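One structure coming up, written as structure tokens, with questions to follow.
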Amino acid sequence: MATIIKKKKGIKVRKGAILVVGLPGLGFIGRIAGKYLVDKLGGKKIAHLVSSQFPPQALITKKGRIRALQHVFYHVKLKKRDVLVLLGDVQPLTPEGQFELSLEIVDFVMKLGVNEIITIGGYATNRLEGNIHVLGASNSKKHKELMMKAGVLYGEAKGSIVGMAGMIPALARFSRIPSTCIMAETHGAIVDASGAKRVLEVLSKHLSFTIDYSDLDKAKEETEKLINKIEEELEKQQEALKEKNKAPPSYIR
Amino acid sequence: MATIIKKKKGIKVRKGAILVVGLPGLGFIGRIAGKYLVDKLGGKKIAHLVSSQFPPQALITKKGRIRALQHVFYHVKLKKRDVLVLLGDVQPLTPEGQFELSLEIVDFVMKLGVNEIITIGGYATNRLEGNIHVLGASNSKKHKELMMKAGVLYGEAKGSIVGMAGMIPALARFSRIPSTCIMAETHGAIVDASGAKRVLEVLSKHLSFTIDYSDLDKAKEETEKLINKIEEELEKQQEALKEKNKAPPSYIR
Amino acid sequence: MATIIKKKKGIKVRKGAILVVGLPGLGFIGRIAGKYLVDKLGGKKIAHLVSSQFPPQALITKKGRIRALQHVFYHVKLKKRDVLVLLGDVQPLTPEGQFELSLEIVDFVMKLGVNEIITIGGYATNRLEGNIHVLGASNSKKHKELMMKAGVLYGEAKGSIVGMAGMIPALARFSRIPSTCIMAETHGAIVDASGAKRVLEVLSKHLSFTIDYSDLDKAKEETEKLINKIEEELEKQQEALKEKNKAPPSYIR
Amino acid sequence: MATIIKKKKGIKVRKGAILVVGLPGLGFIGRIAGKYLVDKLGGKKIAHLVSSQFPPQALITKKGRIRALQHVFYHVKLKKRDVLVLLGDVQPLTPEGQFELSLEIVDFVMKLGVNEIITIGGYATNRLEGNIHVLGASNSKKHKELMMKAGVLYGEAKGSIVGMAGMIPALARFSRIPSTCIMAETHGAIVDASGAKRVLEVLSKHLSFTIDYSDLDKAKEETEKLINKIEEELEKQQEALKEKNKAPPSYIR
């Protein structure tokens, strides 16, 4: 696997920073919450990441620019602490890619001074009448206790977590970085701004910041637009491939 | 392929140790027998192994903790000799992964001082009225003779062995480590505690230890529970993937 | 991934050279235009590239020679500037291969002194009555402006570009090499010499050379012949594989 | 990809040796001819090769031994020249594996002093009434001329060669080792001793040795037995996998 991480020059992150990971996943809760965090707290791009494990699409922007599908690291300076936010267009194509990229991200942020990681996900559930809970799964007892203080509920999430939201905390344990995956309960099939809000409330308590939530719906729409564009492109291309090249020539062009 | 093996500090294994490998396989005989050995002989965890070739699931435990699918090395100190036991949740996803992980395990235990390896498997057969035999396939004539003394039957197992229980002895030959795959006859479709018992009898004779077998059924149940949980999660996720993402977006989330 | 690039000895490329990439793609426009450039401007082979990511076919030539599917770098010396042209039989089999090969190509030509890259593609469209436009997507604002002067239209191409024609400019950004993918509008299903001509006009303006276009149809036919041969071989073999080996033995022979 | 080549100690190969490659392929001509060469000229095993790209089967022998699917290098000392013969159980599972293993083999034998490589294959044809021709495809003009003197026919073989019999000569060109793939005409569907004989005649002329062909049918039968065993095992296991594990658990055991 080939991964390129290009960091801007002269970036200084205070030691003891926290990484918040917002990748596409159930309900796109992580993506929305991460994006909102960056927008509201004034995050600045500090690094781009591209990987051979992402779909080989180069997106054309409105302005006629071209860019690969990517992950971007943002830098937010809170009073007490620096926060890195990782936003991604996609997750790697293969299990192996998800594992290796998780490792590389943990390694990269450790070197930048990060000593805590929170990943954001959604947790599919059918009972969603009352309160939306934020469920947690932690890679250490100590971090679990910290997250409980921020309102995360334990013991409710069952089963397993697929993708990098689960893999990053699981692998961070091997580098002794306390880490939790926080998951808002969600229906699963929709892009879910309410779940994102609940996750942001947990983060605001844990990191002692305040933001207003009035633009969340706009953030949701923007996320939907980006995701739809990417999905559409992937679909279009796959169909084109299927149609034109039924047989081996698929790998000629 | 990326593999991480995290060894606890200060571990001392006496030279001339033996590795016993208990991975999921036919009848889960290796997994049950390995687990029982660790429990009854007081094995201690000395190393964790995770691999990009395992399914990218992070299991949520009852206590709200998160962990990757993994292999664990245990350390058992018998009077005369140290025994390492390798227990695993899964085998790698691909042939390539099984080969490479087998190599890495042989390499890792060699450095720890291991000079003999026994892997445990099941051998599918229909005639199971009378005695359950333990069949063998060895990577050296000398080791075959040793295992015959411990009650292993040769010449009956035919064909080939898939997965790491066969690959480890085959590759250990390239490092000149004598190694045998011992296989209890089994029906194949069930989780088989009787087969595990027969394998344990061979090991107890070969390694000169005694254990009682009264808790084997409990060990079987625990193994079943773990395996069921893992299988269930893998199934659930695959179905979810299929349903939600029929087309390329499968790799978006 | 294994890639071999074999460069002829004693090649000297002037600094500030440009790479033009003509790989198989929509309408085979890049392949035709690149080939024509090489023929008309007197390009000389300076390097061969083979990759484990190409289909494992060894082509038999009419003279009884054998060669792997390959990419070839040609060297054209214009008065003011050196031009490298990359022509390829195929694109890599996998997304991962396309990404990694794009990286390796950018790296290779950088070392040769290249500081600008133009990749050629086709853009599928239904309205093709009037003028055929050459659309662009650039990895920098500055390069976009340069290409506009050469007649490239921006803002019309939408969506995304699959394969190396898009991936090379996207990754070249990480090495700060200005790069654009220029795409002639085309039907998509045919081998398109008209599109190739339009692209060549853009290149001739950008690089200040003049060529006559009278042999373009011959170039088209040659391209068609080569492509047909490769596609035919790939198809034949895949069918043979399917027929003869329905089950696992497929990987015996 | 992981490949292990274990060479016996103290092997001395005279410079200017030739490698003859007999891998499973069309009509198993290469495998039979290579084996017969080793048997009749008294070849000695000098190296074993195993690869993560071979199917992960460990074969159980009649004597209760276990071995991975492998390639074996034999050493034949003719008066004038040393001959290495490579015999293999299988070819790698993937295109990428075939490419990389071909590279590694070329590299390995170069270091041993080899400066010429002949690979053996079959060429499927329907007209087989009269003489069986041996067709050739060479990676250099000079080697083609040499092989013509030994009775190889050029200009008849068309299309392409799949697998390592074609890939090795194609890649040997990058190391400037003259190499030809010689192919006996064959029906394709049968294990073909007549084709093997024709290829051996070419080799005996090219390398100036004489052998009798009276045991060729026995060699054919042995090859058939081995191949059948391997195919059978691969099939059995794949069916077992399909039946037992319909869903994801396929990678649990």
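The letters A, B, C and D name the chains in turn, as written, and every chain counts its residues from 1.
Just so we're on the same page, a residue touches a chain if its C-beta (ideal position, glycine included) is under 8 Å from a C-beta of that chain, and two chains touch if they have at least 3 such contacts.
All figures in this text were calculated on a predicted structure; none of them were measured in a lab.
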Keeping to the contact definition above, tell me which chains border both subunit B and subunit D. none
Subunit A and subunit C are the same sequence; what rotation (0 to 180°, nearest 5) superposes their CA atoms? 90
With centres defined as the mean of C-alpha atoms, identify the chain lying farthest from subunit D. A
Same vs different contact residues, subunit A with subunit B, by half of numbers used: different
Between subunit A and subunit B, what is the gap in Å from one C-alpha centre to the other? 35
Between subunit B and subunit C, the Cα-mean centres are separated in Å by 50
Got the subunit C residues that touch at least 2 other chains? 55, 93, 237
Would you mind giving me the full set of chain pairs in touch? A-B, A-C, B-D, C-D
Spell out the part of subunit A that touches subunit C in their complex, as residue ranges. 1-2, 4, 6, 48, 50-68, 93, 229, 232-233, 236-237, 240, 244, 247-249, 251-253
Across the complex, what residues on subunit A touch subunit B? 24-26, 28, 55, 90-93, 95-96, 98-100, 103, 124, 136-141, 144, 154-155, 157-163, 166-167, 169-171, 173-174, 180-181, 188-189, 227, 230-231, 234-235, 237-239
